[in-house]
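Some structures are shown below for you to check.
Common to both upcoming complexes is chain A, partnered first by chain B, then by chain C.
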Partner chain A sequence: MVGASLSRWSMSYFAVALLALIVAEGLMTAGFGFPVAPIHAPETLALVHLIAIGWLSLLMLGALFQFVPVLVARPLYSDWLPLPTLALLLAGLTALLAGFLQLAGVISVPHSCFPAASILLGAGFSLALWNLGRTLWAARPLPVPARFVTVGLAGIAATALLGIIFALTLGGVISNPALLAIASQGVPVHAIAGLGGWLTFTAMGVSYRLLAMFMLAPELDGTSTRAAFCLGTAALTLLILGGVGAIWMDGNLDFVLIAAATLGLACAALYWKDMIHLYRARKRRVIELNSRMAGFALASLASAVVLTLILALLGVLPRHGGAIAFITAFGWLSGLALAMLYKIIAFMTWLECYGPVLGKRPTPRVQDLVTERVAFPWFLVYFIAVWSGTVALLCDQATLFRVCAGAMLLATVGLCIQFVRTRFLDNVPVPARFPEGVRRPRLLLSLTQPR
Partner chain B sequence: MTVKYVDLDVRPALRAGEEPFEQITAAVATLPAGQGLRLFATFKPVPLLHVLGSKGFSHELKELEDGEWEVLFTPEATTEAATEADVVATPAEGVWPDSALTLDNRDLDPPEPMVRILAALEKMHEGEVLSALLCREPVFLMPELAKRGHQWQGAFEGDGATYRILVRVGSSREAAA
Partner chain C sequence: MTVEANDALAEQVREALRLVIDPELGYNIVDLGLIYFVGIADGGVANIVMTTTTKGCPATNYLKEGARDGAWSVSGIEFVDVALTYEPPWTPEMMTDEAKEHLGIRGGGGW
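Showing the complex of A and B:
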């Protein structure tokens, strides 16, 4: 079959992911983990994995189950596998968080939860990789955005593998010296491969296509896009293979990290240039809220890059790693995710409800499902809070950071209310809401409407 | 079994700025069972690989000089391809009449191109053909056309920026709808 249909379980992924984001922001507001606790404290690690797996990875997977088929114009390999995948990942995340809370002494369980977390998360990510990998494999030769996604998937494979080694070490299962060496020194490789390789590189690939689509801009496939792809792929390869090699051969890991970061920054610069080009070359003069807010996220990515360079030149980068990770995770990745969700939820809901009756009966437009005037202030509060929070971290102002996290929480809840209203068609004027043959969609599941 | 290949060189047509898509689908439609197609083009015809892939052809790419390409399309003897071709109504059998209606949807915001095509099809008669220009592959439209019983074929034009889709209004439209 050619073409793409609605991904059945993506809405469930989005809902769980948003819930994880809200809980994480609540914990940050309450002063749980960094910066109140040290950056390597088990509490911080629990918080970081709630954000990285619970929020960002689940959101990204939910989006990929819908958009990989769009990128390659072929259906997803399996439409039912995403559900057991989600169940495994959620169970694995719960076990992982329990493991960290055991270490922190917050909960007391007789057996370590880390081995179970390794198995469940490993199985969940493997299923996701299998499903997306088979879809991509069937569609070769791949367009450039899909190649970004493929390398991103290699990034999650490497990140998860390293994570499993760490978890099995913490769970006391591993005693092999080579693996213990990775567990003791490989944390930066794991963190950068996850945030940079998996999440950032995949987000870049998806945004090349989505922003071009929503702004009526030409698809980019030129030298700078291909160079960005090659540089990013080289950065990730060097980071993982070079990083593990340096650890095993007692080499200089810092040197590998700096070399990989240089390639990665060059990739980000070319990507940034391409995005500016997309915004300038667009045919659509007045752009929708999602594209405007994606601009804020891109500005956050640029800020993260510039900040990294400045802190490195000042020689204080290691001390401020938390601030860089924060603006990358919340300004760039989460900002882009929230902006894109605003459109994706509206579009998927519109297609599910009105697609079958298009042309047969009058139907609302996609834009009728959203109220930008209400959502815009929440986006604004969110981004200002993230940027202020970054400054608070740089200045070691823990209380100010908690105030900013509270504002982020408020804005996220405000946006979630908008997402739910969109999903339930509450923004559509009543007379046009349910033409004959259209019924209210379910919150968590996309179904073909009766015809 | 050795597959025989019919040669089709669309390079002259492409250089003359013509659109060889119909020439290619006509050649595929008249291929005897079990025969393949050897295509010569001035660029890598990525969309065509998908289109013929959905009709049960595997492909083998070979880059020639000056960025030109030779592609071997080989019919696959699997039942999977046949099943897929049945799901999406994309056969090129028979002669399609000239398009009764042409839409240029290239400058419309998504999903307006899809909305207009489906609306126009509802007003057309069985067997009539609609031709539409788009600025990207209409991935969500394709399954909807199949569900409504329409046949379609489409591909990017030589510039790689314009996607032309031809839709023939199906007989099972009312039943499917």
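Showing the complex of A and C:
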């Protein structure tokens, strides 16, 4: 076989991730966590980890199990490991959230949940890294997009390691002074490595390839792309090694963070320039909804970069860190994720249902599985709500922020209904929906039919 | 079989391959330029050389097997050999004018 096949468990990852997003948006609407509670409150930390692990990381892993084989034109190392990986990550996330809720006094459990969370999440991320790492290792030398993903995976390894140290400290397991120092000062390194290193850098790598594929644009491998890769890798290396070094040697952590952020912002600027080039050089004049909405996500990334620079120049960046994290997580990462999911679910469902009858019977197109005119308003509501929510956070308007979160929740539910309709082929015209040999697919599991 | 008869059979195979679409582009693989060669050898053996729009595409195996099944449906074809190649790599320039028009491709279609 040349290249990739259908990832069996990715749909399960997507479903769990979307459920986590809906719950998180529901909690934000209800006023749980920041900005109603302080940014370091246990309630906020529970919410942040529900979004970072439950939504974004599970979605990213589900997508990587399908698309790393596409990036490197080789099959995934193991097709069955994603299931135990998902089970471990879900159990670990549940324990972590329970630990934060214990701290907040919301629930009462006799023993701390943090040690269990660290073991389960550590095991889950290790399995994911092993599976994806072996796939990438076997495909050397790697194309540039796959190198981005590789560095992103190093980012999750570092983020998870720091998270385990924090969790074991909160659980009262660690007493080593060096590790306690990391636990007390390393939160910015953990947060930036997760959001910037793992999620953003990986999303960049995947988008280089997917957007080129979907828009029929030339794949980028030039100086600008390689410079973006080098700057991003340098930023992540400096952040993690320099950050931990500064903590241990009592150095200036702020200086390290500023230096890493400068490199990271330069990387983001080059990436943005590449994406503009990709859109301009595309061969398809009329692009599909996923590519148009990815443009909104890219605009959010640019807004986050510009906002960071303006707030830093005004000297108020630390006060508005929540707003920057919000537009990065929801405008850029979640926006791109929802846009890509819209296409990925249709594409994977098409492969599963109609791939086996190709050449035997007429088949619909992937585009026939979606109804863009219905989904577009939901995307619009989502992005407007995110951008308004960012403004609300900058202006310290907690009530307005909750209204925006409610609109995001509504839009997400609207999009999820579209995803389910796509999955069940409900948008395909009836005469073409079930040609002989085609069955209604399962919601959570992709099956390859015997030919 | 005569050369003319083989050519006619090859044309029938090409026509049958139009049933196979690239799922992403939504157009048949012949007019997209994904079929590089169709030849008929004695004994009704169809040799097809094809590519995909991108290396590593998850639809690769389905497209390959779809081409095999499509060719097999032609009367007189007894055996089908489908070879996949990425030399030369596919570009939009390889599409027919109809396919370019359908997809709204700008200019000549080269990268």
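The criterion applied here is as follows: the second predicted complex is superposed on the first by the 448 of 451 C-alpha atoms of A that agree within 3 Å, B and C clash if a C-alpha of one lies under 4 Å from a C-alpha of the other, contacts with A are read in each partner's own complex, and residues count from 1 in each chain.
In this section, a residue touches a chain if its C-beta (ideal position, glycine included) is under 8 Å from a C-beta of that chain, and two chains touch if they have at least 3 such contacts.
Model, not experiment: these values are computed from the prediction.
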Task: Sticking to the clash and touch definitions up top, decide whether chain B and chain C on chain A clash or fit.
output: clash
Task: Tell me which of chain B and chain C touches more residues of chain A.
output: C
Message: Just to be sure I read the superposition right, which of the two partners does A:347 touch: chain B = first, chain C = second, or both, or neither?
response: both
Task: Could you say whether A:78 touches chain B, chain C, both of them, or neither, answering first, second, both or neither?
output: neither
Query: Is A:224 contacted by the first partner chain B, the second partner chain C, both or neither?
result: neither
Field: Touching partner for A:360 - first (chain B), second (chain C), both, neither
entry: both
- request: Kindly classify A:388 by the partners it touches after superposition: chain B alone (first), chain C alone (second), both, or neither?
  value: neither
Message: For A:94, using the defined touch cut-off, is the partner it touches chain B, chain C, both, or neither? Pick first, second, both or neither.
response: neither
- prompt: Between chain B (first) and chain C (second), which does A:214 come into contact with in this model arrangement: first, second, both, or neither?
  reply: both
Query: With the two structures laid over each other on chain A, which partner does A:284 touch: chain B (first), chain C (second), both, or neither?
result: both
Task: Have a look at where A:185 lands relative to chain B and chain C in the superposition and call it first, second, both or neither.
output: neither
Chain B and chain C footprints on chain A, overlapping residues: 1-5, 69-70, 73-74, 213-214, 216, 218, 283-284, 347, 350-351, 355-356, 358-360, 363, 366, 451
- line: Seen from chain A, its contact residues with chain B in the complex are 1-5, 69-70, 73-74, 139, 141, 143, 213-214, 216, 218-219, 283-284, 347, 350-351, 355-356, 358-360, 363, 366, 451
In the complex with chain A, residue positions of chain B that touch it: 44, 46, 49-51, 54, 61, 84, 87-88, 90, 107, 109-111, 114-115, 118-122, 135-144, 146-147, 161, 177
Query: What does chain C use to touch chain A in their complex?
result: 16-17, 19-21, 23-26, 53-63, 65-71, 73, 84, 92, 103-106, 109, 111
- line: Within their complex, chain A touches chain C through residues 1-6, 66, 69-74, 213-214, 216, 218, 283-286, 347-348, 350-351, 354-356, 358-363, 365-368, 451
